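In the two complexes that follow, chain A is the common piece, with chain B as its partner first and chain C second.
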Partner chain A sequence: MKVTVERAHLLKSLNHVHRVVERRNTIPILSNVLLRAEGGELKLKATDLDLEVSEAIPAMVAEPGATTVPAHMIYDIVRKLQDGAQIELATRNDGATLDLKAGRSKFALQMLPETDFPDLTAGTFGHRFSLSAADLKRLVDRTQFAISTEETRYYLNGIYFHTVEAGGELRFRAVATDGHRLAQAEMVAPHGSEGMPGIIVPRKTVGEIQKLVEDPEAKVGVEVSDSKIRLTFAAAGEGATGAVVLTSKLIDGTFPEYGRVIPQGNDKELKVDRDEFAAAVDRVSTISSERGRAVKLTVGDGRLVLTVVNPDSGSATEELAVEYESDPLDIGFNSRYLLDIAGQLETDTAVFRLADPGSPTLIHDFGQSNALYVLMPMRV
Partner chain B sequence: MLPTQNSGVEGFCRDCLVPSRPGAWRCASCGSPRLVAHPELDRLSIAHVDCDAFYASIEKRDDPSLRDVPLIVGGGKRGVVSTACYLARIHGVRSAMPMFKALAACPQAVVIKPNMEKYVKVGRQVRQLMLELTPLVEPVSIDEAFLDLSGTDRLHHATPALTLARFAKRVEDEIGITISVGLAPNKFLAKIASDFEKPRGFSVIGAAEARTFLAGQPVTLIWGVGKALAGTLERDGIRQIGQLQSMDETALMKRYGIMGQRLARLSRGEDDRRVTPDREAKSVSAEVTFDEDIAAFARLEPILRRLSEKVSARLKKAGIGGRTVTVKLKTQDFKTVTRNRRLSDPSQLADRIFRAGRELVERECDGRAFRLIGIGVADLVPAEACDPVDLVDEGAGRRAKAERAMDAVRARFGGEAVELGLIFGTDRRGRDR
Partner chain C sequence: MSSAPSVVRQLSDDTINRIAAGEVIERPASVVKELVENAVDAGAGRVEIVTAGGGKTLIRVTDDGSGMSRDDLALAVERHCTSKLRADDLLDIHTLGFRGEALPSIGAVSRLAIATRHASEPHGWEITLEGGLKGEPRPAGLARGTRVEVRDLFFSTPARLKFLKTERAEAAAITEVVKRLALARPDVRFSLSGADRSALDLPVARGADARLVRIAQVVGADFPDNAVPIDAAREGVELVGYAGLPTYHRAASTWQFLMVNGRPVRDRQLFGALRGAYQDLMRADRHPVVVLDIRLDPHEVDVNVHPTKADVRFREQGLVRGLVVGAIREAMARAGHRASTTVGAATLAAFRTGLGPGLGPDAAPPAGHHQAATTPRGFGRPESPGAAAGRSPSSYGRDPLRPSGGVPREAWDWRVSPFRPDPMDRAQDPADGDPGQSGIDPIPDEPQGDAPLSGFGEAMQAGFAPGFGVSADIRAADPAQDAERAARPLGAARAQLHENYIVSQTRDGFILVDAHAAHERLTYERLKRQRAEAGIPRQMLLVPEIVELPEEDAGRLAAHAGALAEAGLVLEPFGPVAIAVRETPALFKRLDIAGLVRDIADDLADRDASSRLDERINHILSTMACHGSVRTGRRLRPEEMDALLREMEATPNSGQCNHGRPTWVELKLTDIERLFGRS
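So, the complex of A and B:
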């Protein structure tokens, strides 16, 4: 293989793919990035066996071929090379070394044969549709924080994407929960998504999706099979010829019947300024030593009092003016969870629908909303 | 032998408590040889009190016919020695020794099953007497404790040393068992001292001699140096505490981490830990040794459930719960396997503890036979932080409610009024009942 590429192109592409590679690997080939030069482009691919990212960049191919080299190392090298440099990649005849040349810099990298490189793309993807990158990002951003990290409930370690019939139309919905809180975001189902099975996209893949969305105007192609999802991010910006393709295994499990969790009859409505509320929660929770200690909300008579008591260090209270006309109520929440949710709300006013201090509370934006959050109270 | 007893300073007689002359070998007043004298005797106030062969002593007290026979207190034919009396120890019987080994060493020994209820009662009596000396009593186990007697001279009209001697005599007279006392400037040295002259001992280690005394002792004497660390030290050529004394603290820390600091300080006899009366428990656990090894998971399961309920009952009683569940298995060849799992939320419920433990145990069940199983929880937190209602796991919520209902029934009608089908009809070792 002998190929010349622009540093900027290679760096951007390596930046996309190298993140997938785990820093510590017991299988050597998984530390490597696959480079394949053919037909006027250089294709890069990296995987951790659960997730694979590939991308092609324009290249002058003098000699087609393929090899693999340590991903983090070549990324670091390219990152440190001068801006605007032309990089030549050439494999030696010994089949063990890749020479990387740019200006006066020369590197010799040990290779592993590309035939050893695993391929994740096999399988038939029966469902195809596309949506805008902005929509995808919104679904992911709104729900990502609620993904569980608990290994025993592996089926909660991702976002559940599925279609539902709601309000007379088909909705494409994302849900995540860790048992303490639940986040749900949805949009009108894109054409072609009808009939798609519910899928659980793992946490790491979700993180990569968030990073790969660069141009919100671009379209993202989605393909779903029984066990995998493939996302094609259309080329964005100058210099990107090929799309970034992310292929990931899905979590093999059944997402719980979350619908029952979403309270329907909570009649105590509290409206509060989102930013004031978040700032106040943040302030009073300073007094608690552990992250996420309970903050008590006392509502009644047009005001909300936030209280945190830490037996070891003291207490804090703050009062906010709110819209509230129901019976007074004391209810406790994990302060970190409140902040997480406040960070996702899109309107300036946050709406809480409360029932009693022991039942789930519904939180959502003011007015028409495509997202909602359910939070379990804490004992205070 | 410590170079302190009967040295050329004044002391007192531990039997009649009158002062003794310097260099005396017997009490001038009562003729007893049990004198104690030390240059720092009047200044030391940290003590470690340890009951001598506690369980065995109580049994001998209650049944005088056992007085002159080797006595082993321990469980069943497969159990281990809990306590061996000093006669049995002459034959080489030691605590924690498997019973078959103990009986091989001392076939004429009488074996008694432990009566924990009785021992706990006696332990409390001893503790009560300790608390009459000072509020600063830090229990280490049922039969030993650290005492800080600083500033009690005027209260008791006696030095801490004399107060302790009086206390030892009182325990013998009123409770009928003997104790050993270690008196030193700190806990580390006090603990070593109490072990020195057992039974009925009274040993003193002063600040001045600590270094010299420790120099010739093996490193395993240092609290925290177990088999593994001792092995590491041995590979590095360190066997005696004296070698550690000559090493720099920073160098030791570089090599052994935070343990290095402990090694450096304790080797010089420095220990700034305080005697804290309400040292909180770090974990709650329960375990059982089987009559015969068990390999089948199906048989371990009910035993584990029963242990989980025991742990849970103790957590509930104390108003706490824990975040980490640990299971312990001991294989046929005495290898101990421990596995732990962090729960998503702290729990005090038998159901959650059991479920976490069950998975860990199931994974270990690969045909190996086990002689012991245990389960415990650590990272303890107040009950309020435990078992929040889960949004999605309705089963757990239902089981939690069922468990609370069972607890209520038990509180009213006794511990076995209601049981899970899983453990019904079996005893704590998994045998049919």
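So, the complex of A and C:
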């Protein structure tokens, strides 16, 4: 293999794929990135066996071929090379070394044979549809914070995507929960998503999706099978030739019947300015020094009082003007959770629907219902 | 039908005895236990035990008890014959034995000879039993009392013989049994001897503190200094004895001597209670040393659970556990900042020599002792060199405390002292045996094994340029106040060394304080106090977590739901074979609820109580405490040091860090004088 590429192209592409590679691997080839030169382009691919990202960049191919080299190392090298440099990649005849040349810099990298490189793309994807990158990013962003990290309940370690009939139309919905709170975001189902199975996309894949969305105007192609999802991020911006393709295994499990925990009868409606509320929660929780810090909400008669008591250091209270016309109520929440949710709300006014101090609370934007959050109170 | 040959038949007495023997007589130590119990039950004032071949060849137990008449002797070796049970009431047991199984069982598997003389008889009688075959009583000459001789144990059951451990191990097990029995009866003299062992002689202890004297004889001369008396009672149950300080710990639970009405027991539930009592005072892999007797109405306890009577069942299990945990915790809190004296002794050893005096043959750790004898400054090693030297008479000849001693390697020598000029070459000194081990842990909160052949923190010293000084210096500014401070238990702070260790002066010595460890413990105790006052915040779950369990486990969990809720875990029955968890402690970031619940269920099945939740919460608190504490490397101002010492004096459990290591050590003036050979 002998190929010349522009540093900018190679850097951008390595930046996309190298993140997938784990820092420590028991299987050596998983530390490597696959380089394949053919037909005027260089294709890069990296995997951790659950997730694979590949991308092609324009290249001058003098001699087609393929090899693998350590991903993080080549990324660091290319990153430190001069801007605008032309990079030549050539394999030696010994089959063990890749020479990388750029200007006066020369590197010899140890290779591993590309034939050993795992391939995740096999299999047929029965459902195809596309949606805008902005929509996908919104679904992911709104729900990602609620993904559970507790590994024994592995089926909660991702976002549950599925279609559902609601309000007379088909909706494409994302849900995540960690048992303490639940986040749900949805949109009109894109054409072609009807009949797709419910899928759980793992946390790491979710993180990569968030990073790979660069151009919100672009389209993202989605393909779904029973065990995998493939996302094709159309090339965006100048100099891009190939698309970035992400293929990921899905979590093999059943997402719980989450509909039951979304309260329907909460009739005590509280409207509060989102930013004021978040800033106040943040301020009063300063007094608490430990994890699981609880903030007490006392609502009644047009005002909301936030209280945090720390037996060691003192207490804090803050009063906010709110719209509230129901019976007074005291309820405790984990302040961290309140801030997480406030950070997701899109409208300036946050709407809380409360029932009692021992029941789930519903939080959502004002006037629209594309996203909602359920939060379980704390007992203090 | 009636023509079929009968296949069910009554076993012969001989076979029955051998089966019974299998239960009662597991190993030579069980024979010793039965015979010594008999002797004690017979009112002996002196019990003499001789063994050979680890008890396999010979066990002879001689006592000066009441003895037996000829007729009693003949009957005694029959199965289920005993003098100890009145009116066949198994609930009214006042003696150690009562089942009437021991002698025939022993007789069934060995060559047994019993000689005895009752006061009413003109002379003694002797009877033999060989592999179950009983001889006729013959006249024998002996003083009042009984002598039981067991030879060739298990000769008739070769299979059992094969499974015995080495002579040494069996001999050690016998010692263990005798010690346990001796602890309960300071009024009886026990002597144990034989070619297969080092002799043990426990003279009668008299006076008000007879019990403590006996304990010192058995557990170690340094134990009384490192233990707090326990004397508590609740609803008719009494708990008396001594509990070792948390810094005085061992690697196995064999040094936990538990008795129920004077009967030595090894009961899992009681061990569990001890674990609970010392829960956050000690690392999980270390064990406290205790001698405790639980006294209660014999009707309230069933000792007839197992033929060897090691297990017991209390009618009020929860009450007994609560008493044990409560009394020890209360006593430890009272002991406050005390750390064990062995720590000081270990420190001295570190000053003294590179070769641990513990290597002396007489200081060899007793059986069942598990720490290498080559660790002169193992924290809290009860078999500390100073103590060992002090109580084994034959070690005087090579007393390492004397610089003029005959063995130069063991004398104080500045060349092997950590204070010699160049710290670096110490690691290369081949005589050090184990190079590369530093003395004092540079990071005190990392649990580490005891560093062998330690000095005084060479690793840390090596990092300093020559000419480093004290980190802080307190000259007595106000003499009056200073005198007052020096009179306090932890003295007046004088300086801080190596940016961690506080040196303080007391009236009769000086004290080194590990400032990081001490402050960590103080922070931890404060966090615990806050927790106790404020309660444990609970996060409710969106969906109750359903955990499937066996019906008994689910039932037990449901029965303990109240206590678990206090600790932050709210659960309720969910059908017969599952429980639903509704709320969990908010402190836990990630929690495997099902795993936790199953672990708690196991604890409940095992010991009828679980401290697991508390332990996990305390673990989080202790991590927080560690992060919130003064680090090594921080220079403390004089006022800060004194404040730390005063707070340590006022705070319970401040004598050890969260891992059971001491937070301070004391060197008495007398110790220091001995270092210089001025004693």
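Criterion: the second predicted complex is superposed on the first by the 378 of 380 C-alpha atoms of A that agree within 3 Å, B and C clash if a C-alpha of one lies under 4 Å from a C-alpha of the other, contacts with A are read in each partner's own complex, and residues count from 1 in each chain.
By our rule, a contact is a pair of C-beta atoms (placed from the backbone, for glycine too) under 8 Å apart; a residue touches a chain by one contact, two chains touch by 3 or more.
Keep in mind that this is a model prediction, so the values were computed, not measured.
Asks: On chain A, do chain B and chain C fit together or clash when superposed?
Replies: clash
Asks: A:Ile29 contacts which: chain B (first), chain C (second), both, neither?
Replies: In the superposition, A:Ile29 touches no partner, neither chain B nor chain C.
Asks: Just chain B (first), just chain C (second), both, or neither: which does A:His180 touch?
Replies: Once the two structures are laid over each other on A, A:His180 reaches both partners.
Asks: Based on the superposed arrangement, let me know which partner A:Pro360 touches: chain B (first), chain C (second), both, or neither?
Replies: Both chain B and chain C are touched by A:Pro360.
Asks: More residues of chain A are touched by which chain, chain B or chain C?
Replies: C
Asks: On the A-aligned overlay, A:Val305 touches which partner chain: chain B = first, chain C = second, or both, or neither?
Replies: After superposition on chain A, A:Val305 lies in contact with neither partner.
Asks: With the two structures laid over each other on chain A, which partner does A:Thr152 touch: chain B (first), chain C (second), both, or neither?
Replies: both
Asks: Superposing the two structures on chain A, identify the stretch of chain B from 4-12, 22-30, 274-282 or 292-300 that clashes with chain C.
Replies: The answer is stretch 274-282.
Asks: Between chain B and chain C, which residues of chain A are contacted by each of them?
Replies: In chain A, positions 150, 152, 177, 179-182, 256, 260-261, 358, 360, 374, 376, 378-379 sit in both the chain B and chain C interfaces.
Asks: Quick check: in the complex, which residue numbers of chain A touch chain B?
Replies: It is residues 148, 150, 152-153, 156, 177-182, 256, 258, 260-261, 358, 360, 374, 376, 378-379 of chain A that touch chain B.
Asks: Can you check the complex and tell me which residues of chain C touch chain A?
Replies: 526, 530, 533-535, 537-543, 545, 583, 585-595, 620, 624
Asks: Which bits of chain A are touching chain C when the two form their complex?
Replies: Against chain C, chain A makes touches at 149-152, 177, 179-182, 256, 260-261, 290-292, 294, 309, 311-312, 332, 334, 358, 360, 374, 376-380.
Asks: Name, in rising order, each residue of chain B that touches chain A in their complex.
Replies: 341, 344-345, 356, 359, 384, 388-394
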